[in-house]
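Below are the structure tokens for one structure; questions will follow.
We call the chains A, B and C, going by the order they appear; numbering starts again at 1 in every chain.
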Amino acid sequence: MVTRALALVMAPLERLWALAAVMLVWHVYAVIQGFNRIVLPTPLSVLANIVEEWPLYAPKLALTMTVAIAGLILGAALGALGAIAAWISRIASAFVATSALVVRSVPFVVFIPILSRMMGYNVTMEITIVALLSFFPSFVLVSSGLSALPPSALDVSRAFGATTIKRLIYIALPISLTNLVAALRLSAARVVLGAMVAEFLTGLDGLGSVFLLARADLESERALGAAVIAAAAALILVQVGEALERWMNRRMT
Amino acid sequence: MARVLEQGWLRSLLGFALFFILWETAGRTGALGASFPSLSEIATAFDTPVKRGLFTRSMAVTVHSSLIAFAVGAAIAVGLALISAVLPSLENGIDSLASGIYAIPAIAFGPILILIAGPETTPIVLGVLSAFFPIYGAFVSGLRFTPSAYLDLSGALGASRARAFLLLKVPHAMPALIDGLRLGAPGAILGVVLGEWFGAPRGLGVVIVGSMQNVRIPQLWAAALLVVACSLIAYFALSALHRLCVRRFAW
Amino acid sequence: MSAASSAALAVEGISKSFRLGRESFQALRGIDLALAAGEFVSVVGPSGCGKSTLLRIIAGLETPDAGRVTIGSSTPAETTAAHRLGIAFQDHALLPWLSVAENIALPYRLAGMTVDQARVQELARLVGLGDFLRARPRQLSGGMRQRVSIARAMVLKPVVLLLDEPFGALDLVTRRHLNLEMQRIWGELGTTALLITHSVDEAVQFGNRVFVMAARPGRMHAEFAVKLPRPRDRRVTASPEFVALVQKVAAALDDATAASTASGMPG
């Protein structure tokens, strides 16, 4: 009984000790250095600030996450459509190979300043940036799913005389759904970054612009508050993505 | 065989030529707006010694920071991966720390790093954080999914755990590690540039924000393209290493 | 020629080579086969002799280098395009995200026809899966999956039914049981059918005729007529006639295997 209870207490600890350690190091560092609240706030004071100023944070969090999720879905959908178009027209391979390379090696974030110059400092630009971030993973993963359809499934569709469209609907799309969800999961980690960087660089409203204002006003607590909120929101988004992927994998196998 | 290769070369060459011609025309005609310069316009960003000097100095800073960030990030990633493989009780904690670092947008670390590390070191630390995850993730999965036949072999030969680890698991995980490294290198560069946007004194990132704010379009493009070029060079160099490694350790 | 043109399924002079690296390797050479309407023919042969390749050529999934296949008066491509071919693959090839009922109904969907739910359920019952309509393939045993694949092969009332080792992955007991059921089902449908198997027992149990193939290159080695009464239940399979025929076919198969090895030796 006691060991059971102990195990229940220990289970989350086993995963969370590292997070707790980071918090502790932050706290001890802030205290030992004897920094005052303005230079390096403790984790507790940041949490207190979040609670206190929640009405200020909430609309900014909502803005950033709306843009991030809208761009994520838009980009992934366009990527999947592009992959399907490339698959139907059979021009995929060259495009896909290049895109896969681009996804792995090009730091897209450096294009944010360029895009914001080209499109202006507005929400359309912000969504475009986020969508661009999620477009390529989706295009690449869905294409690779479509190009690696199980031969046996293709045999079935051919032997029963399916047209390309029927093959797409009943075989290719269900299979590439798994890849699409994997792409969503992969991009979930990057879209909040994209949205916040855009806000940070252009001053568009959202969590990213809080950094900018707080820095100007030397309000460290608020900058850290926004950072903690953004971190938590991004973690949750990634968790949702992972849960979706697990569900889809169970559903499809 | 040689002829096929030649044709492949020819085709990619043609592809690139077409790409650059399209870019040049789009820039000259202004089809994509005034902020989309032609290649020759971008080249004007390098046309005086002063301008060239700015780019060489900035690039030196960014590359230097990126190299440090990459080395430190790789060392931490490899160290933590080995620890989590040797001490399974720490595995879950390290994993959740790593996935936290992965999921949290790098920019969210900016404010605290500015306070702790200062604006000159922040780029390096952000570079470390963004190089870390791909390397850790790849190496750990290489270490964890050792083919069971290898383990049966070491079991049947009565190899000690340490020997099995060093002689079977680590070599098996080498290609995965190098793959992680080649993803980590662009990650390091991205982190460094991002960090430079938090008030660093020098670097390509600084040039990028500066030219964005002052609407110096050719300079903005030139700096961004230099960052991309650095990433591509790092990625291709490590890809070559990856090919060697696969030939050596995989079958 | 005249025999072939009146056949429900005619295979004439089929040859097929595969490229193996730089060399080419002949999988089938000069295969002839003619099935009368409603006939059930079995083909046995050593593993790798080209049985699946032959079936895939008949189904239009591979193109032969020489020779031709005629189903009724159509080519394989015409037959599949008209959705009149039924095939059960060696690896059953069920779609893991579809239920049993949906897998059986898949040919309707692929053909763009409305699903005849009554027929799907009837076939599921026929193969003994009436209670598993909503199950997913991973929840089924190997034998049950094979039966789903057989039901799927028959759902569109094909003019010819191709079965590639449909009982291959099964244990002996399940196999016996399924064999009897299959015979009953086939008896009810009366479709022209070609069964690929590596079990002589099975070949004789099902076939009006049994062909024995030899390997490298894959070719017809011997043919036997099976004049035993149906249904070939345990009384028939225990009869001396059945046992004698099985022994004869098995001897031919041993012979074919020896011939394959000999001709397959380099030098």
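Note that a contact is a pair of C-beta atoms (placed from the backbone, for glycine too) under 8 Å apart; a residue touches a chain by one contact, two chains touch by 3 or more.
These numbers were taken from a predicted model, which means no experiment stands behind them.
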Each chain counted as touching chain B and chain C at once: A
Chain whose average C-alpha position is farthest from chain C's own: B
Central chain (by mean CA position): A
Pair joined by the larger number of C-beta contacts - A-B, A-C: A-B
Geometric centre distance via CA averages, chain C-chain B, whole Å: 54
Distance from chain B to chain A - Cα centre to Cα centre, in angstrom: 18
Inter-centroid spacing, chain C versus chain A (mean Cα positions, whole Å): 50
Residues of chain A that touch chain C when the two form their complex: 150, 152-153, 155-163, 166-167, 170-171, 174, 251-253
Touching residues (chain side chain B, partner chain A) in the complex: 15, 32-33, 35-36, 89, 92-97, 99-100, 102-112, 114-116, 182-183, 186-187, 189-190, 193-194, 197, 199, 208-209, 211-212, 215, 217, 220-221, 224, 227-228, 231-232, 235-236
Chain A partner contacts - residues on chain C that touch it in the complex: 56, 59-61, 79-83, 85, 87, 89, 91, 93, 95-97, 106-107, 109-112, 138, 156
Contacting residues of chain A [partner chain B, same complex]: 14-19, 22, 26, 29, 39-40, 94, 101, 104-107, 109-111, 113-114, 116-118, 188-190, 192-193, 196-197, 200-201, 208, 211, 214-215, 220, 223-224, 226-228, 230-231, 234-235, 237-239
